[in-house]
Amino acid sequence: MLFFENDYGHGAHPAVLRRLCETNLVPQPGYGEDAYSRHARALLREACRAPEADVFFLAGGTQVNAVAIGGLLRPWEGVVSAATGHINAHEAGAVEFTGHKVLALPQRHGKLEPKTLRAALADFYDDPNHEHMVFPGMVYLSHPTEYGTLYTRAELTELADICKSCRVPLYMDGARLAYALAADTDVTLPDIARLCDVFTVGGTKCGALCGEALVFPKGAPERFLTLIKQRGALLAKGRLVGAQFEALFEDGLYFEIGKTAVALAMELRKGLLERGFALFEDSPTNQQFPVVPNALLPELSKRVAYSFWEKRGADASVIRLATSWATAPEDVEALFKVLDNRPSGG
Amino acid sequence: MLFFENDYGHGAHPAVLRRLCETNLVPQPGYGEDAYSRHARALLREACRAPEADVFFLAGGTQVNAVAIGGLLRPWEGVVSAATGHINAHEAGAVEFTGHKVLALPQRHGKLEPKTLRAALADFYDDPNHEHMVFPGMVYLSHPTEYGTLYTRAELTELADICKSCRVPLYMDGARLAYALAADTDVTLPDIARLCDVFTVGGTKCGALCGEALVFPKGAPERFLTLIKQRGALLAKGRLVGAQFEALFEDGLYFEIGKTAVALAMELRKGLLERGFALFEDSPTNQQFPVVPNALLPELSKRVAYSFWEKRGADASVIRLATSWATAPEDVEALFKVLDNRPSGG
Amino acid sequence: MLFFENDYGHGAHPAVLRRLCETNLVPQPGYGEDAYSRHARALLREACRAPEADVFFLAGGTQVNAVAIGGLLRPWEGVVSAATGHINAHEAGAVEFTGHKVLALPQRHGKLEPKTLRAALADFYDDPNHEHMVFPGMVYLSHPTEYGTLYTRAELTELADICKSCRVPLYMDGARLAYALAADTDVTLPDIARLCDVFTVGGTKCGALCGEALVFPKGAPERFLTLIKQRGALLAKGRLVGAQFEALFEDGLYFEIGKTAVALAMELRKGLLERGFALFEDSPTNQQFPVVPNALLPELSKRVAYSFWEKRGADASVIRLATSWATAPEDVEALFKVLDNRPSGG
Amino acid sequence: MLFFENDYGHGAHPAVLRRLCETNLVPQPGYGEDAYSRHARALLREACRAPEADVFFLAGGTQVNAVAIGGLLRPWEGVVSAATGHINAHEAGAVEFTGHKVLALPQRHGKLEPKTLRAALADFYDDPNHEHMVFPGMVYLSHPTEYGTLYTRAELTELADICKSCRVPLYMDGARLAYALAADTDVTLPDIARLCDVFTVGGTKCGALCGEALVFPKGAPERFLTLIKQRGALLAKGRLVGAQFEALFEDGLYFEIGKTAVALAMELRKGLLERGFALFEDSPTNQQFPVVPNALLPELSKRVAYSFWEKRGADASVIRLATSWATAPEDVEALFKVLDNRPSGG
């Protein structure tokens, strides 16, 4: 069975796992005060060119979103997001559980466009009843988006400027950030650290066993460690995530993982287009979204693990094919063979 | 430096880490549907003699407490706990964050005594204003307690009977359950599964890198997976905890880890008493709480990693010394030597 | 100044205030156990033809919505609402503050159409990832809607059937219910009590000083009084709302108030149409939404208190004109005169 | 039946009700922007000698406590209270529902003593693990306390100093403030406004139909109106509470109400002591807590409405007798007669 179902189906990148093995018997303090976490934080500050940054290591993506968003919003505020944003659609109401509304706006290619944001903010403040409404208190972006698409540096700059003018923080969910950084893009990690007030560097979907880094480039708010603890997100063995991020950021492994997966995804994209498949969204990152005839699915399911995305009319479906560090070039070739040998009805 | 500071200072028991390495390259479904989690659940059901049990694997202890307690209580209910219970004292208000009060009662040796619970429940229901008060909706026990002490089977049975008569679930926080099961006790894992409505089997402090098993011996409430997701506690790579619990419960490793640590703790206890140290609480498990003169602490701190617990009058302190799978018999001997060579003022 | 700004600008209907004066010096138990509340509950049960109904009296509309919705939803559930629903737009995130998402759907004439609801529920349950999403756990309707429009009995029946088939309660926000019942409609109060699982009978906007009745036609869930208390919504002097609802429901006053206001609103509607004003929505209840040229607003503002609703292109605006028990026929005539004498540019 | 059950058993003081009648037909803007609320705020600022004060009018006591405490605490903070504090015991967990812990401390005569507070804060900050604990983020006092007792100016000053040194706000629950101000005390309303960061001026239990004023003597935090709305506590007809507070503070009525009730309570106290009844607490305000033999209760219940407070050994009970603006001197005399004619066993 060829595995293209997602980018978190395997364990950890071997170098990450090796680091856990090497450090296993060295006793360390708990709750993020271990040497590995300290070193990993320094490496992240360096990679972000943000010497003042505060970095926390949490276990998972929904968790880190809920802690960051729920922890930064003031009681009367909500978070602005594209309607397709992960927090709005696929996190089971985790933000709302912290007491805050997700203010969903229309998206284009999975992105919250600057003009959409600007208009929504203007409408809000123009409304004479806005004191009876949820104040926009943060802007959430995912990068890559849920469709694999990317913001440009110009877009990010414009979004950051709008946020600044309204004094609301810009938050980037980087659950798959490795793939964003490795794509054909003008957005670098230091750009993100410069333009966002807070963002995550995803581990789980980028080669780690678990773990997301939450980065405050200009320093964290007061008592954030206690807030993390309160929300059940402070790991006793902080070393578990710290050591993994140390491995990911020591010799550029994080960027390497992104490059490998994106290169294969571009192969995949090219081959899909050559074979006449339309793409639901044109993604420059590790997730590809071909439109396939439903008749093909039963055969495909026997040979390839993929994700069903959504129906596309009566006869076709959008599926997701994802690459990762664990994908081999041969896997892509083998997938093409499956597609080439498909029955004519497919 | 001798390490007795806690039981989560090292990585994982080597056999646990080995399992992560062996399984690393096998692709698996996410969110707990992997083969390792499924097998680990079966092993836990067997170990608990609870064939109907539902088991969920979460990352950490505060998290699992908040999910279980906040998820089971109805809106108008709070959780009864000994005042020294971890949820009342050292979880940064994680239960209250879910909207529920901790109804703290006096403890004895860290335990919530049946008569205390019975009296509190009677007082509540006798109060003509109890409809304006928080209803006791669950009883929380930690086993071992925060002082390393254990409930007897008779006590647990009595507590369970009281809970049953009030129709409130009995919840046991087993963050250090391995040590409870390995101590000189009449309480077995099947006893716990029979007497409690829900309990945890701790991994983080018992040899895993991370992870707690949340066990509902008679089956979980509806939609509990979604509730876990909502609270940011559903790991994408569920395999991470599943594979570890598979290793812990496959050949009795969990019980072995407990035995090793408790045996060394009993050595420690004996040696401490022989050397004239009083014990703050007489703990039969892996945590020992000697009272030491403050004058000894500076010297001790140079050689031994320990936890400061609390002041004991003007001249002495309670410290905690903990053993784990990573403690060697030689460590205990070496600790004794440090104590024997202490300056006469110490 | 002519007052058409809203339906809560005056105090209480004189008969309601009179009742407060008559009962003022009779001592009564607190928290809803007074004789007036008990009688008012009996009157409501009778008016609803729901002898099993439980009725609670709360102070305000946002409050009663948040208590009912937040109190009935289970943790993993959200409430389905038209995007224009009051809870989604103008209650400052009160539902989200209780930890639950508002699942907003497109509306037509301010209404959640049965086919929209049916499709959304089907989409949800068809989605293979729906366990990672917020479950639809209640359906919220406002009747009249925020645009003054009304559901038909056929629509309500269909919505109730859909809810039943999904086992989710149907909740009706009746903040302005008096006007719905008095309009040209086939929906009666007993219909509402039969079709909805829970609904409110609004007092504040229908002639009371304050107060909303929360009605559970088939009986309230367990411990709902304590839940109300927990959410700060249990009035010590429950008599305040109880006595008002007694007055409102003793001799059909509630229906009378609705009739007076709706009759004047229909006059208003007719006159507006005759004068060439378009209506933003064609409302059969006490709120009318004419589209007026912006040039008219400065002059209008000097003579008439109205509510600005929203911009309508570059040159026009939607305004709201509301009638109530306090509106006199002469007020409508006077308003027409203001409109007739408007400058030609207006 | 003589009514001494509580101080909220009647409607409103006649002058308060008269004001509602006089203002009933004057249209006013909603949500606290009416002329009466504006005037009442000015009157309160004057009475408090706090020209910068922001004042909000809410409906009830539990509500205002939850809004003020939940709205001011930061996520990682809890509120310190005497264990007998109303928020800890009799508000059904309303503070916890907002996500925050009540940090209960031992009381003396219902009061939180300065030394108790100082020791608790020192213990907290001395604890090396305090980052894993709930931070004390506010101090709650009730004045009068739940036992009718009062803080002295010296005590309040000391408590305020401790709060200042820890930078936590001091909050006073003045649900029965009228009686505190009218008692034999050195604490004035301007003292309270000077020493507290936020406090309430209770209406419901001091002569109003409903309503509590929430006073921020140095100005309210940002967007507090929206926060009040979010928590369901913003009345559409703000005039209802505004007009009542206007009446209460226009000609010193609030103080008059307090004086009348306290004078009668002192009569009551004297007569109880003369008749050999012990007092559970020696209260200088409108609530008196005699210890009565249980044998007396059946007879007493036939003639007098009182509140059962708690059992006192096997044969006696503490009851509460409360006076209010509605109590007549003859009621006290009549109560004495009932006691004088009690059977010898009583």
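So that you can tell them apart, the chains are marked A, B, C and D in the order they are listed, and the count of residues begins at 1 in each.
Just so it is clear, contacts are C-beta pairs under 8 Å (C-beta built on N, C-alpha and C of every residue); 3 or more make two chains touch, one makes a residue touch a chain.
Computed from a predicted model, the values in this text were never measured in an experiment.
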Of B-C and C-D, pair with higher C-beta contact tally: C-D
Most remote chain, CA-based centroid, reference being chain C: B
Chain C and chain D: spacing of chain centres that average the CA atoms, whole Å: 34
Whole-Å gap between the CA centroids of chain A and chain C: 42
Centre-of-Cα separation between chain C and chain B, whole angstrom: 51
Multi-partner residues of chain D (at least 2 other chains): 75-76, 91-93, 97, 99, 132-134, 226-227, 229-230, 234
Residues of chain D touching chain A in the complex: 31, 70-71, 74-76, 99, 131-135, 222-223, 225-227, 229-230, 234
Interface residues, chain D side, partner chain C - complex: 1, 3, 5-6, 8-12, 14, 17, 20-21, 23-30, 59-67, 91-94, 97, 204-205, 209-210, 226-227, 229-237, 239-240, 305, 326
Chain C-facing residues of chain A, complex: 75-76, 78, 89-93, 96-102, 104, 128-129, 132-134, 308
